[in-house]
Every structure is written in structure tokens, then in C-alpha cells.
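Below, each structure is written out as C-alpha cells.
Both complexes shown next keep chain A, but they swap its partner, so chain B is in the first and chain C is in the second.
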Partner chain A sequence: MIGILLPSLVDGLLLGFVYGLAAMGLSLIWGVMNVINLSHGPIIAMGMFGVYLLFSQIGMNPYLALIVVALAGLLAGVLIYAVAVHRVINAPHLSTLLATFSVNMILIGVGTAIFTVTPYNVDFSLGSVSLGPLQLLGTRLAAAVIACLVTGLLYLFLARTRQGKHIRAVANNRVAAELMGIPSARALALSFGLGTMLAAIAGGLIATFFPFTVLSGGGYELRSFVIVVLGGLGNPLGALFGGLILGTLEGVIPVFMETTWVPVLEFVLFVLLILLRPSGLLARRV
Partner chain B sequence: MNWFRRPGFWLPLILVGLIGILPVLTGSAATREVVFTILLSIVLASSLNLLLGYTGYVSFGHIVFYGLGGYVGFYLISSRGQPLWLAMIAGGLVPAIAAFLLGRAILRLRGAYFALATIGINEAARAFIRNFDPFGGPVGMQLNFQVYTDYGGAAQALWTTYFLALGLALAVLLASYYMKSSKFGLGLMAIRENEDAAEVMGVVTPSAKTWAYVLSAVFPGIMGVLFFFKNGNILPGDAFRLHFSIEMIVMVMLGGSGTVLGPLLGAAAYQRLRGTLLVTPVFRNVQLVVAGAMLLLIVLFIPQGVVGWLRERVPWLRKVLE
Partner chain C sequence: MRRVSSSVLALLMMFALVLGACAPAPTVAPETQPEEPAPAPEEEQPAEEQPAEQAIELTETSLLLGYTASLTGSQNVSSSRQDNGLQLWIDHLNAMDGFQVGNEMVTFDTVSYDDESSSERVQELYTRLATEDNADFLISPYSSGLTAASSVIAEQYGKVMITTGAASDSTYKLGYTGVYQTYTPASSYLTGALDLLQHVDSAVTRVAFVHENDQFSTDVVTAAKDYAETLGYEVVLFEGYDSGTTDFGSFINKIEAAQPDALLGGGHFQDGSTFARQLYEKQIDLAFVTLLVAPPEPDFAELGEAAAGIIGPSQWEPLAQFTEESAAEAGLEWFGPSGEEFVADYIAKYDEEPSYHSAGGYAAGLILQKAIMDAGSYDPEAVKAALDAMDILTFYGRIKFDTSPEAHGLQIGHSMVYIQWQDIDDLHKEVVWPLEGMTADTVYPIP
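After this line comes the complex of A and B, so read on.
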């Protein structure tokens, strides 16, 4: 039993770091501007295809391509914010939900027109590492390390730089921040861009070990929702923690029952969590 | 009853009647299929409007009731050999009960949390049906062609479902109108504007919200039975397509949420547009892009929809358009 359980546990845990990274983007955007970004999925897919194109067309190393993809994700986020979100940022939730969803539709539409819905994969391998009884795929290990690295950098950015401090101030109290002379529109656009950047990086990392289509971002977006609720909406570090829980569940559940039951359990857990602990598992009871 | 003095009441009904009579006049099956799709959209959009437009709760997974009703009805017809009318009743009742139980739990959530929960429920339902063997699991179910002989052959059965769908569309609009002009509806609109204030003013918000949710679940359920009976097979992916939920929201927003006429116009316009885009070679691949861009423009610039916008701009229309 342990012989089967341990490898799937570790596999799931490694995957969890990447899930957590994607969810962190969602959580950051929610935390700063109370917007649920429904265009998260296509951005993840964009990250996947970005790495794929750079790798297969130019032959760039996938991890080098990740830097390009991250920058593109940042720009795309700022653009989406300027076009679709800024005008409705103070409107009721329905407006921002629908605005970001329309961006989702546009991106998916363009994506399917270019790439159709056939699966792609990045044909890249880092071999595998043996650790006692465990065989770890190199790409997964690298993805987990990069996910931790990006998380660390994000925290340094938010804590140490002026721009990061602006973002935190705006998240705390937008009106007060504006009175202190902080350009809130710029901070909001930047944090939206950072959120999509995290999604794009996560997508690029997933592409190095899973096949993907234009539509597969949707599945990861839904997982991100589950994770964000697990860790508490608007709490980026909680998202990493939630990602680890979800990854572990995804690794361990198939040992006990058929894989097709995984989404059923995930979403039941999700709805229960929203109902019982909407502020997340980590939050203190109020 | 001086109903003729209230155009807001008869205008939507006459419009649907006019659209509905079209295939009967031409007798063409192609027109009937087009109009059937429009009627389907009208039913779905108007029932979503009961929740989204009147109560102000955004459900991103409203299609779950359509899928659930469709599955229950289909199961009764194909595996239990029950007649269509019984399937329709069950297909309306089961989603209503589901909505009642779900509503008790998730309607306590507000704003974005409610929207997220409805997405979760839709995904959970689809994943569950995929694994539920009595309903055929991932491959769904097929109707035996013999079933249609009870309804005078396949061709006649298609006309029967068509007229039932027409009747259902009229029923939704009636419900929509009476709900809007009733005290119950006023309570819902108070909730939409400010839930805490509504509660203070004496609206029993938990029960009002739940009944709005139940009402908005019944009609999609029955419509699901009709559609999948006509279709002849049912698949988890077809019945619980998250995308369809969003299209419903687009239709409601396009026409004007919180109005009786809006969802009707929005549904008809959206389906016509989609049909045109699908047959135009340039747009066939990018119809999703066009729909998305349209939604974005509406949300950004006319969030009150066409009917709401007209009511705002042309004062005398306020008496005509409800």
C-alpha cells in the first residue's frame, strides 16, 4: 500500500506547487481589487502555447521561454485591465464577472480559430531523479522549484519595492491610498498584470509535463477557484497551501477509487467550503 | 381586467406568438428548428432573469437545472417507458426540489461567493452524472426510435414538442410579468437593490430568494425534457455545458435584465446573430469572439440592456415596455 501511496503523494505534492502558483494569481487580483478574474483559464492556456511556440518554432529552452511568457502575461494583464476592467471596477460584482468572462470568450475564440482544439505537447524531458524508492520526473521537480522561486520573488516585490508597497496600500484601502498620493489606477493595473503573469507562468510549467489544448485552461481555472477558497480568497500564500492540499488529493484519491470521481469530490469539497468556511481553512474564526 | 391597456403584458406574448406561428404558416421543418432554438433560448433567458434580473443574484451554473430536468425526463421515457407528459412534470419537479434544497444553502452567500458556488455546483453535477451508471455515465443515453410511434411517428412528435415549447415560452413570460407586478416581485427587487434594507422593511429574504430560485429552476427543467426528447440522445457534456449558462446571461444582459421583454428580445437577437455568424465563412471560426466582444461592449457601455436603455431615453416607452 505504502509503495503505491508514496509516489502518488509526492507526485501530487509537486503538482500542487504549480496549481498553487496559478491560484495565487487569482487570489492576488481578488485581494487587491475584489474582482474574480474569469479570464484566468485562457491566460493559463496562453502560457502553455507560448512555451510551446517558442520551444517548437525557435527551439528555445522551455525555462528560458518561461521568462518571455511571464513578460507577455504581465503585459496582457495590464491590457485586459485597461480595456475591460478599469471602467467597471466600482460597479457591482456582476459587471466585473461578465467583463472578465467576455475576455475569456474572446481569447478562447481566437485560440480555437488558430490552434483548433487538438492536443499539443512540449516534447521536452529532464530525465528523472531517483530518491530511494521514489522516481521523480525532472520536469515536475523543476516546476515545483520554479513555483517556489516565483512565490518568493512575488513576496519580495510586494514587501520591499515601492510599487509593491503601493499595491498593498491600495489593497488595504483604495480611497486612503489615493489621498496619500498613490496612483491607484497604476497599482491596480500592475496587480492585475502580476496576477495574469502568475497564471501564464503556471501554464508554461504545466505544458512541460502534460499535453494540453486551447480549452484545458478551463480545468485549471476551476481548480484555481477550489484552491483559492481552500486558502482563503485574497490570501496569496494561502493559495500555495491550498494548491498543495488539492495536488495531494489529486495524487491520493485515484489510489482508492476511479480517477473520474476526482472532480466530483473536488467540487463537492469546494461548495462545502464556500458554505462553511468562506474565508478559507487558514483564517481565524471570527 | 383591462389588460389591453397594458402593452407591457400583451406585447411579449404577441411577439412570441408571431414568432411561433411562423413555422406553422410555412410548414417548413427548417424554420421550425430555427424557431425551436429561439424558443429554447427565450425560456432559458427569461427564467434566469427571474433570479438574475429581479433578485440580483448571478448564477453562472443555471444550466444545471436544464441538464437535471433533461436527464430525469429522458431516464423516465427511455428506461421506464413513461409518457412525455409525466416526464415533463418530473423534469420540472426534480429541479424545483433540487433548487429548494440548494437555495436554502447557497443563497446565504452574496455577490461573488454565490457566483463561484454556482460554478462549483455545475461542475460537480456534470462530473457526478459522468460517473452515475443508471444515467449512462460518460456515454449518456439514447432513445429507442420506437418511442416516437406513440406520438404519431417521429415527424409528428417533433411538431408536438415544438408546440409544447411554444406553450412553455408563453408560460414563462406570463410568470415573468406577474412576478414583476406582484408584491413578491417587489420584494425581490428590493433585495436586488439592497438586501439589508429589504430585510429591515419586512421582506422575508431567505424564503423570497429561495422561491425565486425554485421558480427559475422549473422552466429550464421542463425545457430540458423537451429538448432531449426531440434530440433523441443525451450526453453529460451537452446537458451541463457551462458555456450555455453564460450565453443565457449574455441574452439577458443584451435585452435588459429585470424586464419582461428584455430576455425575449435578447434571446431572439442573440440566436439570430449566432445563426448568421455560423453560416458566414469569415465569422464561423470566430463567433465566440464576436459574442465576447458584444458582451464586453454591453457591460461597459449599456449595462441596463436594450430595453432598459430605451426606457431611460424615451419616456413614453416606459408605459409600453415592461
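After this line comes the complex of A and C, so read on.
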């Protein structure tokens, strides 16, 4: 049993880092502005297609392409915030939900028109590494390392830079932050941009090892909701922790039962957490 | 109150307009309605070649052939090739101005839609084909699941449908009377692979089955598992994965733990090629791997080294040798073009080698054409009777249908061949089974 449990656990953990990165974007946006971003899924898919296009059209290394995708994700987030979210930021939650859902539908519609729902694949391999009984895929190892790196950089940005401190101040008390002269609109736009940037990077990383379609982001968006609740609403580091838990579950559950049961157990866990610990395992704001 | 009524009316009109705008547009609109056959132009009348007393004035009749293709979605690759094959048959038919049925020269117009690889869309669209487009005959979509969805509609509206790209047995065991299968049934799909395994290494005892959890793949592996057990193999793993699975890590870990000598399974092109790629990346020690559907596709070669050694069952291969001579030897009637003609015309039109999906699409058209010719009529009942009596050899292989009430329309004449991708430096397909059709020895174990 250990012979199958250990590789499954490690595979799940490696995948969990990327899940956590994707969920971190959702968590950051919720933590700063109390907005549930329903355009999260298509943005993950945009990240996948960004890496795919740069790799297949101009032959750019997928990991270099991630830098371009990250910048594009940041700009797209700021744009989405300015166009769809800013005017309804103080309205009831339903307004922001509908606004981001509209963006979701627009992105899926445009994506389907351009790429159809046909699967695509980034044909790139980093080989594999043997560690005793473990056979670790290079692309998954690289994805886990990059996810940790991005998490570290985000933490440094929020803790050490003026813009990061502005975001944290706005997240704690927007009115007080504005009274202290902090431009809250800019901080909110930057937060939304950072959230979409994280989603796009996660999408780009996933594209290096799994095939994808325009609709693939939906599954990762659903997982992100579970992870955000698991890790604690509004806590980006908690999201990474939640991602690791979910990835581990996805790796280990199939050892004991058919994979069809994985989503069943994931969402049972989701309901139990909402009932027993609605603030999540690591509830803390940005 | 009047203002409210006007608003409601305006809203309803807008809704109707939106619905109208959302309605799918056929990719090819029929130019001629079958109910109103156009009179044949005088210059096409062959009267001068006939004795005066037997002069027949041929009229032109255009029948409408309806079908859907998965231009988008997970079945896109195989379905597009099937559509290409069918279109080539239409081209050939048009090039010879149709075929004669009584006093009529019959040609086909087509009406087709993109089913987006979705069963729900297939049911909507085949209902539309049967009721609004009034298609005379139907061709199935690609894949067993989509074909099962379309078969219900075809039977409900009394349309004769030739299925292709659909190997599942279960569709033909539901009592349908107008649905006829072109492919070798799923129950015979992998049995030859087990015979091949026994042929190349009689010492092998442990086999694993990992398959897509859809109707077709489940039918295939269930039959293959039973067959494996009758051959004395120990089935050390038998597990399904959901359609659309992209991460095979957990299955590969289970395969590694179960330590089989051979792996059989897969499902369709996308999951099969992803599975093969991840098996290669994880460097799993398997001597023999046979996957459904994906390996015979020319695009499978894009996997490079990951494709080498993988075996796949194929309904047809360009190397297959079905000829007029072999028909005569078997005492069968030959019908349609030779394999060489089909391959050459296909390459000329699409600039790629045809896969068995392409050949299946073409063969479905040929079967319908032959049935109408034999029936001497395009009345559905007469065509069904001709299909029931059919036993022919084409470039695609033998065609004969089960006529028992238990499995009416099931293909019982056609048989599979097995290909293997060989030679990493010059990756290419070889037919490795059956022995009488093989073009190279099986590379065993996988390098």
C-alpha cells in the first residue's frame, strides 16, 4: 500500500501548490474588497491559452511566457475592475456577483468564438526525476517551485512595499485608509489585478502538464472556492494551505476508492467546513 | 394595464427574436427539396443510347442526408475526419451525377450542424433534422454516446440511420429497426489485442484495464476482460476514469503498484493521447500497451517518443487489402472504389492520410447508396429490407448486419486490424495483427 500511497501523496501535494496559487487570487480579492470574483475560471483559462499561444506561435519557453501572462493578467484585472466592478463596489454583494458573472460570460463567449471548446495541449516536457520509489515529473516540480516563489513575492509585496501596505490598510478599514490619504480606488484596482494575475499564472502552470479547453477554468474555479473556505476567507496564505489539503485529498482518495468519489468527498468536506468552521482553518484577513 | 400588456408583448417579441437569432445555422443548406424532384435536363437523357421503344426519361432526384459532426469539443479530431470521409463520398457521387434508381438519377444534398460533442445538442439537432429539415436519411454523429442519443430520435421519427464512429453494442440491442452499424462492435474491439499478446509472449499472465467511463469504452473493456479471463489472464486492475480526465497520475500510480505486464484501455483521442503521454513521462515499466481510438489517428504521432510501441485497434488502415479479387475469392459482391482510389482522392482533397474514422464516414455513405440501389427505391421500408439482406465487400471491409430481433443492425461482417507505432527515429504505423494482414512484427516489449 505504501508503494502506491507515497507517490500519490506527492503527486497530489505538487498539484496542490498550483491549486493554492489559483485560489490565492480569489482569496485576495475577497479579502480586500469583499467581492466574489466569478470571472476567476475564464481568467485561469486565459492564462492557459496565453502560455499556449506564446509557446506554439513564437516558440517561447513556457516559463518565460508565464512572465508575459502574469503582466497581461495584472492589466486585465485592473481593466475588469475599472469597467465592471468599481462602480458597484459599494453596492450589495449581488451586484458585484452579477458584474463579475457578466465578465465571466463575456470571456467564455469570446474564448469559445476564437478557440472553440476543442482541447489544446502545450507539448512541453521537462522529463522526470527519480527519488527512490518516486518518479516526479519535471513540469509539476517546476510548477510547485514557481507557486512557492510567487507566494513569497506576494507576501513580500504586501508586507514590505508602500502599495502593499496600502492594500492591507484598505482591506482592514477602507474609510480609515481613505482618511489617512490612501488612494483606495487605486489599491482596490491593484488588488483585483493581483488576484487575476495569480489566477493567470496558475492557469499557465496547469497548461504545462494538462490539456485544456476554454471551459477548463470552471473546474479550477470550483476547487478555488473549496480551497478558499478551507484555508480561511480572505487569507491568501491560508489559500495555499487549503490548496495543499485539496491536492493531497485528490492524490490519496483514488488509492482507496474510484476517482468518481473524489468530488463527492471534496464537497462533503466543503459543507462540513461551512457548518462547523465557517471562518476556515486559518481565518485571517490580508 | 394596456401599457403593461404592451410591455409584455414587446418582451415576448424580443425573446422570440433572440431565440431565432440563437438557432443554429446548418453548415450546408439543402438546395433542393426531396419532395419536389427537378426534371432532368434534356441533354442528360440517355435516350439516344437506348432503343427507341425502351427510351427512359431519367429525372433527377436529390435526397437530403442529415447528420451532425463535432466541429468543436472533445470529439473534434475523430469526428472531423469522419465528416471528411462522408464529404468525399458525396463528391464522388456528384462527380458521376448520382446513381440510377428506376427512372431517377439520385444525388444527395446534405444538411449538418456542429453538435459540440454534446449529447444534449445531438438530441436537439437530430430532432430538427427529422422534423424541420425533413432529412430523408441520417448518418450518425461520431462516438457511441452521441450515436446512442441520435438513434433514439432516428427511430422515433422512422428515419433510416447508418451509424459510423460508433462501436458500442448496446445501441443495437434496444429493439431498433432502422439503425445500422458500420463499425465492428465494441465487444470485438480488444479481443484481438489479447490474442496478439498471447502470440508475442505466452508467459504473460497479468493484465490491467484502465478505461474511460463512457458507454463505448465500458462495453469494450467489459467484453475484453471476460475474454482475458477465458484466456487465463489475471486481471490485476480494472478501473474507469471520468470523461474529460486530464490527470492520470493516480491511475498510473495504481498501475505501477499492481505490476501488470500489459495495459489495455483508454477511451477516445484526447484522453488516450494524454494517458499515453503521462505513462511515458512516468516511465512505467509496461511491455505491452493497447489503447482505444487514439493510436490509429495520424495526430497520435505528435506525441513523439511517447507514441512508440503503443498498439491500437483500427477499423481500417490504408494498408488493408480488400479488393475485387478478395471479394470474388470470398464469394462476396464487391462495391465502391478500391482502397488505393479512396486513399489517393482523400489525400488529394485534404492533404493528409485518411484515418479509419475517415474511411468509416465514406463507408457509411457507400452502404446507404448500395441499399437504395438494391432496393430500387428510397422508401425507408424498402431500404431497410435491402440493408437487412446486404452482404458485400468494400475497400473498408465486409459489411453484413445482424437481423435478429435481439441485435438488429449490429455489424457482424467487419473485423478489426491492430496497428503499432514503431521506430522512434522514423515514427510510423505498422499493421501487427491479424497475422494474415500484418505488415511488420510486433515490437515487444515496448522500448
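As a convention for this text, the second predicted complex is superposed on the first by the 282 of 286 C-alpha atoms of A that agree within 3 Å, B and C clash if a C-alpha of one lies under 4 Å from a C-alpha of the other, contacts with A are read in each partner's own complex, and residues count from 1 in each chain.
As a convention for this text, contacts are C-beta pairs under 8 Å (C-beta built on N, C-alpha and C of every residue); 3 or more make two chains touch, one makes a residue touch a chain.
Because the structure is a prediction, the values reported are computed rather than measured.
In the superposed pair of complexes, A:134 makes contact with neither chain B nor chain C. In the superposition on chain A, A:176 makes contact with neither chain B nor chain C.
In the superposition on chain A, A:210 makes contact with chain C only, not with chain B. Contact with neither chain B nor chain C is seen for A:64 once the two complexes are overlaid on the shared chain. When both complexes are overlaid on chain A, the residue A:258 reaches chain B and chain C alike. Of the two partner chains, chain B is the only one that A:84 touches; chain C does not reach it. More residues of chain A are in touch with B than with the other of chain B and chain C. After overlaying the two complexes on the shared chain, residue contacts for A:119 are found with chain C alone; chain B is out of touch. Contact with neither chain B nor chain C is seen for A:75 once the two complexes are overlaid on the shared chain. Of the two partner chains, chain B is the only one that A:106 touches; chain C does not reach it. The interface of chain A with chain B overlaps its interface with chain C at residues 112, 258, 260. The part of chain C that touches chain A in the complex is made up of residues 71-74, 76, 116-117, 213, 239-242, 245-247, 249-251, 253-254, 256-257, 270, 274, 281-283, 302.
Residue ranges of chain A in contact with chain C, taken from their complex: 3-4, 7-8, 11-12, 15, 112, 116-119, 121, 123, 125, 127-128, 135, 137, 210-213, 216, 250-251, 254-255, 258-260. Across the complex, chain A meets chain B through its residues 34, 36, 83-84, 87-88, 91-95, 97-99, 101-106, 108-110, 112-113, 222, 225-226, 229, 258, 260-261, 263-264, 267-268, 270-271, 274-275, 278. Those residues of chain B that touch chain A in the complex are listed here as 52, 56, 58, 60, 105-106, 108-109, 111-113, 115-117, 119-121, 123-124, 127-128, 130-131, 138, 246, 249, 253, 285-296, 299-300, 303.
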